[in-house]
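In structure tokens below, several structures.
Presented sequentially are two complexes of chain A, the first with chain B as partner and the second with chain C.
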Partner chain A sequence: MYYLGLIWEYFTNYVKTRLTYRADFWVEVISDLLFQATNLIFIFVVFAHTETLGGFTEAEVVFVYGYFMVPYGLYSCFINLWNFGDRYIVKGEMDRILTRPAHSLFQIFLENLDPPSLIGSVIGIIIMIWSGGQLGLEMEWWYIPVLIIMTIGSTLIYAGIYIILTSVSFYSDSPTGIIPLMVNIQTYGRYPITIYNRAIQIILTWVLPFAFVGIYPAALFLQRQEMMAMAWLTPVMGIVFFTASLLLWNSGVKRYRGAGS
Partner chain B sequence: MSSLYLDFIRIRFLTMLAYRVNYYSGILVYTLNIGVYYFTWQAIYGGKEQIAGFTAAQMTTYVAVSWMARAFYFNNLDREIATEIRDGTIAIQFIRPYNYLLVKMMQGFGEGIFRFTMFMIPGMIIAVLLFPVQLPTSPVSWIGFLVMLFFSFLINSQINILIGLMAFFIENNDGLMRMKRVVVDLFSGLLIPISFFPGWLTSIMNFLPFQAITYLPGSVFTGRVQGTGILEVLGIQVIWFLILLIPIYFTWRAARVRLFVQGG
Partner chain C sequence: MQAIEVQDLRKNFRIQQSRGGLKGALQDLFAREYREVAAVNDISFTIPQGEICGYIGENGAGKSTTIKMLTGILVPTSGHIKVNGYVPYQEREKFVQGIGVVFGQRSQLWWDIGVIESFQLLRKVYQVSEADFKKRLDELVERLQLQELLSRPVRKLSLGQRMRCELVAALLHNPSIVFLDEPTIGLDIVVKSEIREFLKDLNRTQGTTILLTTHDLQDIEALCSRVIMLDAGSIIYDGGLDDLKTRWGRGREVRFQFGGAVQAAQLNAWTMGLPVTWTQESDLVATALVPADMAVSDVFSRVLGQAEVTDVQISETSTDEIVRQIYSSGSAEKPEEQPHV
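Up next, the complex of A and B:
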């Protein structure tokens, strides 16, 4: 209850600051959508030159993309660690966080809340419905509960990966700069994973499991038998990665000594 | 006077050198990028000899050189400038006896030299070992490519400076910077070569500066443009370099009048 109250307080605060910089708000929404649009453009351009990609048709790849947008939107709304190293470690804001009773990670999430990202999730659902229609997918009763479970699993995986990468800031003194490098990698889980060679498949499945935020869970709705087992692993992987990231974070916080500024 | 600017190159190079360990992970990530795009394009070609003027072999080379060129020309000048504007330190920059934008360019170049020697060259060697990349055989292509690579850096930095200066006019230009990054990656031909786009889009892109960043040097490196053709594409880069000076000049002039430091 205490945490729910905090979410509400932070949200109203967010709205107040946002209303002072209205133009920025729209620039941000548009830049988000543009980012998604370029990925769709990539798919359309590629399929102008080929019929199928790894046995997937254009509508299927677009469907996978639509699925990806749903957990990605949720992730970007609630979990935003881009500036963690700069703002909380180098500038020492972590000191302020640690003096408060709520969990440090929870506070950082709330301070960087980004509700406009949820627009992306909505568009993702629209894309799924649209491309699903083109594929002639019948809406079945289990779609919605399974979509919710898979979305939660994918979001937890995403969160887990980025919390782990961010926690490195506690262990290494220098800014790592590895997170910006992930921007492109996170998109690779959306293509039929079988087109890659074994090494890249293993990386995208077990090391940086972005395939669980795209092709695997989406394959369930496309009724791809070959990826069924992997699809059901999504929530499991989500819990495993998220738990691991929390443990790493908590032990990292214990090592935190402040920048001395 | 010129030694002052040279010092900015040197200092930034040494600063970057202190953080060189970070770039080892960068090399791995870029190799992964090349690998993913290599296999994606292999699947797209599927046995076709040629698509949109690219053979499958040229595509492999193009993907490798485009990503490794990005490893060189990429910098965060836009973010640096925007931060200095927002936290007010730009005011001090104004009273110092140098041209702020030129200093930024020099710092970018110092970073560029670092990225070229510690990131692009080792990365390229790994890419050549892992993937069937065909290096150019004629020395003219090599020289042409290296000169064009330098202009890629100049044009990309000019765009970054322009976007960074926008912080004078909109207080928070994070969204704009992200938008720029996306647009540059797509429209420069890094993700898809320009000739793959539908005709109308290709003709629009031919009138934009972005193709000069990746697509044109990449065309020289893959051997799709040879001999005197190299001078032609280099000419396009030079023209864009000169054209981009104009909006930078006027933005900078307008910005100085507008400057107000928020607290600080």
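Up next, the complex of A and C:
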């Protein structure tokens, strides 16, 4: 309850701050959407040359992309660790965080809330409904609770992976080089995993489980029998990765060295 | 009860040793050399509740590192700490509820929103009830005269205004111990003395324990009954400020300006039998160092009868002077020998 209240407080503060820089807000929203649009166009271009991709039709791949956008939007809104090393470690703002009575990681999430990213999630849902219609998928009652569970699972996977990578800053001087690489790899998860070779499939499933933020859970709604078991693993993987990342973070914080005087 | 107990506290940092030149840089890429440096070296002290204690030392002496360990930011390498009944780094979230922290060089406030909005947010973070918050805020705002500033964004405040707001931010949850790391840095004299008065009041009316680090010894003189002096990670003095002055103070300096040329031998002859040391600046100007236990008038009676004196100045060794000497000698032991003539 305490933490939910804080989310609201920080959100209203975000709004107040942003209202002073209105143009900035719209530039961010529009550039975000343009970025997503180019990705979508890429899918259409690919399907101009082929009928199916790893056994998935165009509408199915678009549906997967729609699902992919939902947890991605949530993740970008609530778990924004981009500037962590720079702002909190190098500039020493972690000092301030650690003198306040709330979990350190949670405070960092709150200070970096990015609500415009949620627009991406909304558009993802619209894409799912539209491409689902093209595929002739019947809306069933269990879609909504399952979508919620899967989205939470996928978001926890994002959170887990990026918290683990960010925690490395407590142990090493500057590991920021890995993050852009990750951002690249995470996009692999939105295409049918069967198009990759065996090694990459294993990595995307068990090591950097980005298949769980796109193709696997989406396959559940597409009623792809071969990926059913994997789809139900999504929340489990989410909890495992998130818990591991919290443990790593908590022990990392103990190694924090502060900056300057 | 003791507010702060520290025993054999130590913090080591691992510092990377860079090798020089391109070859060295390439070597560093593959095999780095590290060196352990003790920023705080087995220090022990206790501070009873309700005391104002000054924590001083040169830059890099380990003051901030100690404060950061006491506030739960850093985990010590070894030793015991107990602050307010908690081990700071173990139950951090519960512990920080009872302390207030002000870092002079870092802000607690949100840059873009009004000061009052920051306070409201802190109220939620510290879970202070609306009634307590209002009462406390009214008191603080009244005392520090912030009425005008509350609605302005922090980025539009002057440093002095911001610092007063920082104090309020650190005190809203009514902490029983307050840590201040260089609270008066960069402030003008008026604001400095306002802040000192405020801290004194806070200590007197609420019994708040205060530990502050500073480079401005006037803060110490105005506030602290006790001083802990740190050098290279070790405590070199712990005790009253008055003690420090009597132990280190070299008495008073009396500077004479004479109407005619005076020889060194003459000066010494005048004060024959008195424990006075002369230093001559020129033929016309000389300074007598008079020990604390001797009356200055004794020197006057000897000198004034002997030569034409056009001007006299008496000055006491200032705390700044004392501390400067201690820093440069690296020890608070009184120097062995005072040459008498």
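One rule holds for everything that comes next: the second predicted complex is superposed on the first by the 259 of 261 C-alpha atoms of A that agree within 3 Å, B and C clash if a C-alpha of one lies under 4 Å from a C-alpha of the other, contacts with A are read in each partner's own complex, and residues count from 1 in each chain.
FYI, a residue touches a chain if its C-beta (ideal position, glycine included) is under 8 Å from a C-beta of that chain, and two chains touch if they have at least 3 such contacts.
Remember, it's a predicted structure, so these values are computed and weren't measured experimentally.
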item: First (chain B), second (chain C), both or neither touched by A:28; value: first
item: Chain B versus chain C as contact partner of A:54, first or second or both or neither; value: first
item: Touched partner set for A:95, first chain B, second chain C, both or neither; value: second
item: Partner chain(s) touched by A:144 [first = chain B, second = chain C, both, neither]; value: neither
item: Partner chain in contact with A:228 - chain B first, chain C second, else both or neither; value: neither
item: Broader residue contact with chain A after superposition on the shared chain, chain B or chain C; value: B
item: Chain B versus chain C as contact partner of A:244, first or second or both or neither; value: neither
item: Contacts of A:191 with chain B and chain C, given as first, second, both or neither; value: first
item: Doubly contacted residues of chain A, that is, touched by chain B and again by chain C; value: none
item: Residue ranges of chain C in contact with chain A within the complex; value: 13, 16, 59, 63-65, 68, 71-75, 89, 92-94, 96-97, 99, 101, 103, 105-108, 110, 112-113, 117, 120-121, 124-127, 181-182
item: Complex contacts: residues of chain A adjacent to chain C; value: 2, 5-6, 9-10, 13, 16-17, 20, 92-96, 98-103, 173, 254-258, 260-261
item: Chain B - residues contacting chain A, complex; value: 18-19, 21-22, 25-26, 29-30, 32-33, 35-36, 39-40, 42-46, 48, 51-52, 170-176, 178-179, 182-183, 185-186, 191-192, 196-198
item: Chain A to chain B touching residues, read off their complex; value: 21, 23-24, 27-32, 34-35, 38, 41-42, 45-46, 48-50, 53-54, 174-178, 181-182, 184-185, 188, 191-192, 195-197, 199-200, 203
